[in-house]
Each structure stands twice: as structure tokens, then as C-alpha cells.
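Labels for the chains are A, B, C and D, by order of writing; each one numbers its residues from 1.
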């Protein structure tokens, strides 16, 4: 019988304690963010959508080889100095934001941005083409690019790492250590879509 | 089922056994059910509220990850290990790189080991918070869920600052960790978070949930797992410790920097009922949060200087021929990797022994003779993650 | 009702109406009013529930619809639910399936007739008022059982069976807890019960004697179980039975259940106010300026808030523990309250 | 106890069933004949000196292509061609199957690994689910993914895949079926061209380089 009343007492007191805690929270400021109006500041290392700077990219294929889900598509024509890149696309349907492509990129062209909010209505629009539609191909070789006036001198403090063999295959023989350059061309959206950025990108 | 069989299930002494037997009702609990923590399906045979047979059916989340392991190289595979236990991905990373380093014979710098401990323990706290929260939710307490997710959010923010991802970090690499500590402020923030967790939050959860009479009534003396059952069913982690067995891979099969630190292994003591009931399994996790806080504090306060990676990030990783079984203590229990190398950059075979997979099997025995509500408590207290069961 | 008839009589053009016509008009008006208030209270309380839950849980709750704290969220939800497809499962018992939500709604709607909002302002001034309320609100049980049975879904059947057992059981402590009050008043008429509590806080039945204080809490707990809300939401138990008896319901029919839940919630809160907390009487003479109906509603809303606060704090009890609580704890205590209060009344004369 | 000492105890018990003990890279491992695996496991569990009360892991292995010289690499994962058809393999499948048992004793805190090897034609190992309950599910998984039968298993059904699935995916010569239950299994590769052209999307700007998200 004593246990019976002890149970009742315990039930009532623990319930009241719990209710005190929840009641206290009424006065606390809510911790949630009102998303589209307030946004969290992403930390430095945040891995958002992958971005490729086409001025630096020399189509060495390492990122495509290293990608665990094969979401990077690189196509090029020709050999040696005459090699031209014809396509660089990333399929964000597949991308898993693992950052393996960025840390092995020897030109530093591929980076993780802080962008995370790209809702679309059709998955096919999540395939991003980074080549400029007005410019059909991009020369891959460094010397060719210098001839075209695309390059400035590389920064000295940055060591030029030799392209390491990617996971299972050696990189293409044509890869040249490409120096850094100011971005002359901006990336472009999925095929056939003119965007305001396009013109600006080419002129830069 | 004859009445004698029913009595054997433990309900006999409570006079719950009905005199008139009726047909058993087959009940599909899941794969879309609020209390099965994902896409687990439990095929129940019930008579009224009492369950006579439990048949777990899984595979709804199967990705054949072990086949993928044979197709991608060791470093790429780290990315996939995040996806096993997506509530404690750091622990999964840790388990895999530990196995790989054991096969390779690779040493890891001190600083790397310390950072691994910090990351894995933060992840463990986050996982336990989710576990406790969803267990509370299974018991019908909605508010603790939100409070615990609030703290988990803090952890995710901290881990995001060091690893770059919110949920899938890909932080550990063979031979160390991917990034160093971002700045000193991060260390301060982690320490202050740990302090807050210990002094304020855990007592709050205890008052709100652990010592609530209704919660105790729901969980104490419910679905008791005996140590013998736990051994033969291969239960590990908080499930085993809840049964009163003091076993923890971090102490008994040490790896990484854990032997250097001072921490305790909480075990279930049957405070509210029998040893090994749902409340014990629940409360062991609560105590482990405190121990993880201790570990984090020690690891950060003694964080040595020096390199944090032994292998340069861009270097491919090769492992020799041979087979190892390496195990670590993930948030759910013993997470083991049976890894066979073939001398190249790709695993020949990588079997993942996931703790949830082994822990779940115990419902086929313990779930019998319980009420449907108690089965929910049992599944909740086992803390399963379907990403790890189905792989 | 009398007050309403008097109002209509004074209205222009109503002077020549016969007594019967007056009565009919008043009844129609009252019924419309009741239904509107009920629908409104369901809308307001869904919003309130979300906001209360939000603030108890350190978050905001709805914030977008209608700018100010998402006040229009409940309206938007109702509109959405009206526009949804009405699905009747192929294997369901169609007649019962369609009728169940109506019965549930009817049960809670009928009981509103005997609620005294203000002096003289009660739709059905019955001498058996309180008895009538408890009697018709039992209809809800049949509706829930019907819904669970006719859905042809195992989870729904579980929910219905649990719900029936629970609600039938909890009728007893619910009614027992009000018996001391009836003994004090000597009447089951709802107006009489409220009138007997005139004269400030001390005259409220809850503070008349210690047994009544306990009886109030017995009533409160039983009323939570009656309305199927946490921690006693056995018919729903969303973490065990998916959604309980209304698993298969969608659209408007689901809205009926939803409506009836909040109508019931407000109903039991109003009964608590009426029986124990002084009905329309203000607690302090200072507050007498507030219209009695408003006082009554404010008290009711405070009770609803308390109910929500309990719901969002506590875990759910198991079904056998629920029965244990009812038969082995609450009924004995309620009986003791009846006895003790009776003795006190005898002693006081 | 050291693994070698345990092996000697075991060899004493099962005699010819013990095929050898290897120490090298990785864990020391004892090879046991399939016929005596249940005896070996029961002995290891019940003997006072061994007391292996827990089976940590049971792994099925397809040794096909594994060559002691490291030459025979594991085959790369078979996926789909550009047109979405499953790739085929020309491999001759002649390797053995193996099962590895990793044991642990909670009381004595020592580990031990057993291994059995059966030919591809036989592909059947006696079950140890009577020794440790946990073997039940591990063996079901090995049957499901590798097609190793466990003789005497109480409930040898597929576990992770559907009952109607054809083939055992972890076999090295496994070929992905092109459809299952009238569901086409090939993945959709939106970046490759067999897909119908679509209307220009609503200007999805590609992510900018390091535009910080504003808080």
C-alpha cells in the first residue's frame, strides 16, 4: 500500500518537474532560423555545389577518374598541343559532395562552393555544362593558352605539383601543370540556355 | 499456440493469458511505420496486444555496398562508409580507416589520432542524442526530441566547421584526418559545448524524460535482454552494456588514441527494474554522453602539435595481400570490417559487420510475448539504423 | 435560450411572432451559433496547439501564412483538407465508413447544447444538463469503434478497440469526479451549478473543500483520456498504431475527426470551468466588467492551454497501464472524494 | 591465449579437420575442413580454455581471381554500358568460396579466426547457427549475396534481396540482370545522350566560385 502511494507521489512530482522545464522554454528565444529570410553562414570548409573554373581546367581527367560516383563528364579532341576540350559537365543528380575531386586537382580549378540551394523542377536540369556555348572548344595545353592571352604568370609561392596517377589509371599524357590565371570565362548553365552571365564571362 | 507455450513467454504470471484462444492476427509493422526507424518491416503474429512471433524483414535500403567496395579504391570507399550509419558517420569513418591501417601497417600521427577521437566522440554524442530522442518519441514524448535535436544541431555545426559536411563528412583518410582544426576558436567552442552538455543539458533530459514516472513505467522491466542472449546474438554496444556486461572495444580492444584517455564504461544496473531492460539501455546511452564529453575534453586539452596526416592526400593508397578483421566501437556497437587486400588499390572483399544488424536479431527472441507497445520500446531501445543493416 | 428569445422579441419586426415561431427562430440561431463557434474553435485551437507546441519546444511553429505568426495556417489547412480527394478503401464497409465521422462529430456537437455561456444563455436548459452532456458525448465511442471496424485495417481496428476500452472506462471517473459538485448544488442543471459558485474565488467548487480539489484533478486527467489526447492518446498512438482509428480516412472525413477532437477538447475544458472553476463568474470583483461569456471562454481557453502543455510534455502510457490507472487509481480516489466531500457537507450542514 | 595455442588445442580436438594455421599479413587464421567446422566451433565455444561466447563476424568470400602473387586482381564492378545495358563479363569462374569466422571471448578477451574453403561446385558449408544465434543472420546474408549454402540452416532465405532476385551479387562473376519483376534496372544517366532533349531549363545558374551564403 505504501508503494501504491509512493508511486502516485512519484508520478505527480516527476510530471510537475517535467512540466516546469517545458514551461521555462516558452520564455527562451527559439533556436530555429526562418529559412529563406535568415540563412546560416556557412563555414569556410563547407562543401556546397562543385564549381569548376574553366580557365584553369586543363582537362586532365583526374577528377572524373577519382569521382566515386562518376558524375563528371569530360570530353576532348586531338592530341598534344592541339588538344581541345569539348565538354565539361557535372551531373549533380549523382554528385555526393565528397570533395575528392577538389583535393586532387593539380590546377586548383575545381572547388567546392558555399552554394547549397539549387532546387529544380526537372532532374535533367541538374546536369551543368561548364563550357561556354559561344566557344565550342577550349584548348587544353598551356602553351596554346598563353598564345591566346589566357594566362598570366603563375604565382611563385604556389608549388606546381606534378599530376599524380589517379586512383586506377595514369592521367592523360597531355596534362600540363597549368598556372593560375584570372578567370576569363565564367561557367554556363545547362545547354542552350542564355544567361546574363554568358557575355560577361567571355569578355573577362 | 497452446496456452502452455504462451505461459512460457512470461505473461503467465501476470494472468494476461486469455482462456479462449482465437486466431492469430498477422500484422505488418512497417516498412512505413513511425516506430521502425526507417524502412524496417516487422512481420508480427499477434493475439490482441500480445506478440507471438516477430520476423524482421529488411533490405529495403540495400545498396550492395560491399560490391561497390570491390569497385572503388580504398580512398573512395571512405566516402561510402559515411552512408552506413548516417547518424554517426565519423565513427564509421574511424572504423574503416582503422581496419585499412591495420591491413597496411600504417602508423597515424598523434595529432591525427586525437582529432579522430574528438570527431568520433562528437559524432557519438550526436548519434546517442538522436537515439534517445527517437526513443522518447516512440514513447510518445515529443518535446525531448526537439530539445535533443537542438543540441545535435550544435554538434553538426561544429563538425561542419572542421570537416565541411553537415552529415556525411568524409573526414578521415587512411593515415590521418583530412583537415586540421580550423582555428583555436573551434577548440574553445567544442569545450564550451561539452561543458554545457554535461552541466545543463543532460540533467535537463534526465528530469524531463529519464526520471519521468510514465517513461519509467513504459520502459523499466520491459524486454529484458539477458547477458547470455546478448552474447549469442552478438549484441554489442549500449545493448550489451545495458545488460550489465562491461565491454567496450575502446577499452577492451583498444585502437587509436583511446588507451591514453581516462573514461568509464557505464553499464546497466537495473536501477528502475531488471538489469537489461529498455530503461537500462536508454540510460547507458545517457551516461555515455557524459563519458564522451570527458573523452573530448581530454583529447583536446592534450592535443599535440605536429602533422595530422601520415600519407599525403593526393597519394594513392595501396594495401598488401592479406585479411584482417578490425573492430571499433561505433555509437551503435561493435562496427567491424573484414577486409581482404589484394596488393592493389582496391579491396578484394570488404565485409562490414554492422552493429545494428546483429543487435536487431535479438527481437526475434526477446520480442516474443511482449505487447505491441513494448515491441516499439524494444526496437527503439536497440537504436537501429537501417542504412547500416541493409548496407 | 430565454435570453436569446428575449433578444429576438426586441428585434424590429419580431413583435408579432408566435411563441412557437420565436422558439424555433431562437433554436435555429443557437444551432448556427454553436456550429460556427465549434468550427472556429477547432481552427483556432489547431493553430494554438502548433504555437504552444512550438514555444514549448524552443521553436516558432507556423510563421508564414498570414504574416503575423502564421495565424492563417489553420484556415489554409482546412481549405487544403477540403480540396483533398475523398478516398474510401475498396474493402471498407462503406456505410459505416461514411457514417462514423458524422457520428463522432454529432457526439461532441450535441453536448454543446447544455453549456451555459452566460446567465440565461444556454441552448437547452435541461434539468439533467450534466447527465445529458456525459450521455451524448459517449456517442463518440461508437463513432470511433465504427471508424476502426469499417476501415478494414488492422491498425485502425487496434486503435478502435483501445479507444473503446479507454473511453468507456474513463467515463466512470469523469462522472464520479463531478458527483460531489452535484451533491453540493443539489441539481444537475448546468446553470444552477454555475450560479451556485457566485461570489468570488472562494466559492468556486474547486476551493470549497480539499476533496473537491482532488476531484478536479481526477476530472482533468479523465478528461484528457476522454478526448484521446496525450499522454492518453491510445486510439491514435502514432508511434505504435500509425494513426489509429483514422488511418484510412482522408480529406473531409478526416477533418471531421479532427474537428471533433478539438471540439471535444474545448467541451471538456468548458465543463471543467463550469463545474469546478466558477463558470462565467470572474475570480475577482475587479474583473466583473468583462462580459460573463467572455470570462467563461477565457477560462476555457486557459484550460485548453493547460491540456496542451501536458500533452507536449509527457510520454504516452501503455494501454494496460492506462486501464490500471483508471480502475485501480482514479476510480478509488474519485470514490473517496465523493465520500469525503459528502461527509464534509454533512458536517457543515 | 595466443592464436597458435588455440589452434593447437583445436587440432588436437578435430584431428584431420584442421588444415593449417597461417600467420602473415593480417590476422592469424586457422583453416578448417568444412565437414568439421561445427565441431570446431562447438569446441571453441564450450572449452574452458577458449570460451568463445561471441561470434563477431561471419564473412563469405568469393576467392575467384585472388592469386597469391597478387596478379589476379579483383574484377572491377560491372555496371552499365552507355546505352544502359548491363555489362557482361568473359570471366571463367573457377575460384573457391570461403567463409571466415571471427570469434571473441568476453571472459578471456582473446580473438580467433577460422576459415573454411569449399569449391564452387559444392558451395555448401554446415551451418553454425546452432552454436551462436548470430550466425543465423550472417549466414543468410552470405547465402543471399554470395550463394553459399549453409547445410542445416533453419531458415535459409534471402535476406537483403528479394526472393525472386536472380543471382548472387557479391560473386565475382555476377552479372547484373537487365530487369527484375518487369522493372528496368539500369540507372538513368542524365548527362548522357539517349535521353530525349528537353526544353531549356529556367536559367539554373551554376554555382558561383566562392560566393558566401549570406546569413
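The definition used in the following text is that contacts are C-beta pairs under 8 Å (C-beta built on N, C-alpha and C of every residue); 3 or more make two chains touch, one makes a residue touch a chain.
In this text the structure is predicted, and so the values were computed from the model without any measurement.
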State the chain with the largest centre-to-centre distance from subunit C, centres being mean CA positions. D
Going by the touch criterion at the top, tell me which pair is linked by more C-beta contacts: A-C or B-C. B-C
Measure off the straight-line distance from the CA centroid of subunit A to the CA centroid of subunit C, and report it in whole Å. 56
From the mean C-alpha coordinate of subunit B to that of subunit C, what's the distance rounded to whole Å? 44
Separation of mean Cα positions, subunit B and subunit A [Å, integer]: 31
Where subunit A and subunit D are represented by their mean Cα positions, the distance between them in whole Å: 35
Check: subunit C positions touching at least 2 other chains come out as 56-59, 312-314
Show the residues in subunit B shared as contacts by 2 or more other chains, in ascending order. 72, 143, 147, 150, 208-209, 212, 214, 346
Among all residues of subunit D, which ones touch two or more of the remaining chains? none
Would you mind writing out the residues of subunit C in touch with subunit B in their complex? 53, 56-59, 154-155, 158, 230-231, 233, 237-242, 312-321
Considering the complex alone, what residue numbers of subunit A touch subunit C? 8, 15, 18-19, 21-23, 25-26, 28, 30-32, 34
Touch list for subunit A against partner subunit B, complex: 7, 10-11, 14-15, 17-18, 21-22, 25, 31, 42-47, 66, 68, 96-100, 103-104, 112, 161, 164-168
Residues of subunit D that touch subunit B when the two form their complex: 24-27, 29, 53-57, 59-62, 66, 68, 70, 72-77, 100, 102, 106, 109, 111, 113, 132-134, 136-137, 141, 145, 158-162, 169-170, 172, 174
Subunit B - residues contacting subunit D, complex: 58-59, 62, 64, 66-68, 70-72, 102-103, 105, 231-234, 245, 247, 252-253, 320-325, 327, 334, 336, 338, 340-344, 346-349, 351, 353, 357-358, 361, 365, 390-391
